[in-house]
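Labels run A, B, C and D following the written order; every chain starts at residue 1.
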């Protein structure tokens, strides 16, 4: 098992910020794969907004507070996490590194970071589970047939995953235009090995009298009764990823869902949505102070994690960054990334006078007066 | 007659978004023609605003709604349309493709899309009408002499056009500076064949004591009594394109006009006007909920169509996109374009929980709170 | 004397917008001279703002109004002007064309445009006056000694100038950094021939105990009593150019000054001031509806002239454009420029339903609602 | 000793604005050193904001006021300053010029400018003090051990420094990513010679169970009792640099601290803070009209100095500009820089009608009306 010391040895000096992995990744993976990972849907409006939202937030430096007892520790779903940065569920990680999700799990374990494994993992979920003792959750896409869905959930339970994360924003999922234009297809070795059959990335052929969307894809989209069904099937807490409308959230709160990940799927689902950070304050207000709320989308630094927490998140997820680091350095890369994120978060906390995550509130932010 | 299958075969993979046709068009038409089509008047302020207005609007994703009965169908002027995207009237289509307006009509027919034929068509209006069974309207420029105007209207009626679209924003129409600078002139084969005599694109020579504008061009601009006169001449509904001022609209409402197309002529008329999208909410408020309102200007995707509908439009028109697709692929290109626009619109509807166009309202949009 | 026909013959097709003269001017004058003309003071913040202010304003197209009696005619100081676009006072015009101010006067005469001759003219003010029968005003810089100032005013009166324009914003005037860096100096043939002695462009040498600004240049800046003195010396109306602060304006109104040109000296005086267009509405409110108010700064088109008038100006002045056109085409260039500006203004008027300058008010502009 | 005349001789014509020294500095120092000086922390958000804040402020030109008694003189802490521009404390000045802080002190002396010497000076503080008779303050970083801190304070007192400037915003200080990526390390000749032992720029090694930030660096951060302790040790006034939160300021006001320098450490401390200029008005309101408030961060001209004073500063500090000028021209460069800054400030004062620094208030600024 890796030690932090080993992880940090021989990291090139140029990799000194989390975002540096994005630049380096281009040397390690092909343009098609880079397009697949980095691209967004439509005109990439949501993708851009995810970043811009963070740049607009202002932090207020604070001195004269004793932070020597500071810690980033937090309890989420009764599990203790060393820090509030989780690895978001990302499909097909063998696409960028031969060890794929196993390497990611090793990094999560070494850094005691939470990991969310995708339904579309290119490694058996049981194998991944063996490589990390830290918090691990299983991300679930509802399958066309309920037995297949149930089978996934039961396997996740047995393998020791501690929560189910249901993704609701990709009833319709297509390749980003960037990836389409470069002819990207998912190679054999990165197929979703946990599913009974392969998921096709080919566009469905339309006939003039049918809508491939309404009468096709939407027939498989889970509804509120499906979430209720899922609750009945598992003892695990259920977290929903990818809801932003107050009416969706209201329905989920009525079901006593266990948490929400505020997300626009990294700008890969409906293009034109606000940044997930922009949505956060409104959603926090709706769900109340004690409800579990995570943020995903646009995180490129520990500064961003801090801002998300100040605006209402309990923790954040990193998706693309994780994959860039995996591509560049495998387990070591991901671990180093997590370390940098935590260091930057600690730096923000220390310099804003926050000893715990609870101290990170609106008072740490600055809003310009209108003169 | 084309089938959708045939249309979609051999479409290059790079043409996967409506806007891609703009990029490709440059390979198919000369710089002068490209300048003529893409350019705007003045400093192209309105042209740019048309695009920027769409980029500022935010959509709210919605899950947990059953959309399996979804449809883009709509009734406009008692005619049923398969989808709310119409082909805007664009002059001189033989400029970019030898089959010109006939190819456009074939695409409209194949995709069951509404088509608005320009007075300045390079094909006889009767010939165009033969090629589409879908909704077709005739766009009318008032001619210097009433008989000529009446003749056009009567021919349109007889040829089966179902509405007259009177354009009011081009009392003064000049080539865009971009096109002027490249020396663009309309070639012989693209002249307005439906008119008695050719329309000159030469600048009129001014004498010191006259204004070519006030005492020249403005003498031919239609006034409210001309619209009333037109109503008396035809049994067809009359839609007015290119009015934005509340006082103009008030006069037209007093005449019980049948509909309005909110437009700034694609940034080709008075430069400095707001984006047509920006004008839409105010105009919808003035005309009331049930009045027929279409939007033209800046539509580059089905996402844009969705946004326009959410802000008050019943349907949208595409002008430049249509011509780019025609230049690249003739009837096939235009049909493919229409298909992509409809698919994107359906995607937006499905992911915002809208089963019908009526469901697309302000509640599907996000407005950031001021903190 | 030039006829309009002659002016317009052989104008290259690329010169179809007023701003085109700026691009062309670079081929006719040296980089140092171009820097001298185009540059602004400091960091050129005011220079940029002058342009940006116009781009933010939105016009509302208007149809259905009879404009066939339209005219741009206006009365200013009891003189009739054919159109509300004047040639701003610009120094040293022989710098860019051997005929200098004489060519400018010929163009003004041909186009019946008002002209304001600079104190720093490179041609004798009497000679210039001989070349135009149109409105002509004399711009006055107070001279270090009152007799010299009076001498200029009396010569202007005798030569037939119809108003004195006192410039107040250049108590401290230095070359723009752009011009300084290219080593620009005013050549012999472009010196201010109307002054007794040459004006130096060399920086004054400071000693440690003196301020070249406070105890140097500011000793020559005119105060309110100097304006009063000037009123007593001449029967001509006095217009003040370059005041923007309400307290300055209040003092001038108390003196019954005849008019104000709102200006930031084209971004060549105090850097960091607002665009003159931005200042206009506030100043119009202070001076009242009937007071003569002109705008100078940033005008690059007839659209801009329209916007300025809509926001409160009675007329506008063009400075840099005039010099670019002079450099490119001498009298013919300036006349062509004036013609294009007038044509664009007429186009804006016709398309916003304004038959007279008085019709151009706030109702022709659009202000976006806050949703 | 240098005379102004000698300083100004042979200054290249291209160096005509303070900011020009930044461009020139690149020719005099290596890319690593340039990165070290110019870089900011994190994503350089604060760094950019420092500049943008100045560009948004608008000045109002004022004529008709007698400024011939104008002066930039001011009293700060009962010392008279010729002008309100001070040299900010910058570490390791021998990095860019062999004479380092001695040259800076010579320039300060020649221009009668205040100088703040950094704890991390590469020259003995006693040596620096010998070279300037003008106002000089000593910037203090609290040392890990109180005796070392006290020793520095006592040496500063004895050497004639007139105030202690305690910096509070760099409890955690790392090299900027830009400098890290180029492998910058502080060379031997630029080490902090006034400290007992060298300060390491190596990143501290983390073990999995410790936070190098909370349990490491933060243990050395001074708290309010340390400031109180310092007050008891010295008769010198104490100014605090780098506090922005109202609660920090409140604690310092309770201690009757003598002044505050509003600063975000030039964007080198916590990234994401507002521009120091943006913070200024709120802080001025909190501390009251008579409290000593200086601004540091983003000053690139005398215009900027004016804007800061108008928004509440009593004086401003220049950091990076000072080092660029030192790199380019040694003492002569810094003196020339100070002269240009003062000239520009005087120009702004004269053209806004301000004869003294007290006259520079909000009334000299323009705020656009919302229409």
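Rule of thumb we're sticking to: a residue touches a chain if its C-beta (ideal position, glycine included) is under 8 Å from a C-beta of that chain, and two chains touch if they have at least 3 such contacts.
Note that the structure is predicted; figures quoted are calculated from it, not measured.
A.B. asks: Work out which chains are contact partners of both subunit C and subunit D.
C.D. replies: Common contact partners of subunit C and subunit D, which must touch each of the two, are absent.
A.B. asks: Going chain by chain, each one touching the next, work out the least steps from subunit B to subunit D.
C.D. replies: Counted as steps through touching chains, the separation is 2.
A.B. asks: For subunit A versus subunit B, which are copies of one sequence, does the interface use mostly the same residue numbers on each side, meaning over half shared, or is it different?
C.D. replies: Different: fewer than half of the residue numbers at the subunit A-subunit B interface appear in both copies.
A.B. asks: How far is the middle of subunit A from the middle of subunit D, if each middle is the mean of its Cα atoms, in Å?
C.D. replies: 42
A.B. asks: Distance-wise, how many Å sit between the C-alpha centres of subunit A and subunit C, to the nearest whole number?
C.D. replies: 59
A.B. asks: What parts of subunit B, by residue number, touch at least two of the other chains?
C.D. replies: Expected reply: no residues.
A.B. asks: So in the complex, which bits of subunit B are touching subunit A?
C.D. replies: 3-5, 8, 13-14, 16-17, 19-20, 55, 57-72, 112, 300-301, 303, 307, 339, 343-344, 346-353, 355, 366, 368-369, 371
A.B. asks: In their complex, what parts of subunit B are in touch with subunit C?
C.D. replies: My answer: residues 42-43, 45, 49, 168-169, 171-172, 177, 180-181, 183, 205-208, 211-215, 217-219, 221-224, 227, 242-245, 247-248, 251-252, 264, 269-274, 278-279, 281-282, 367.
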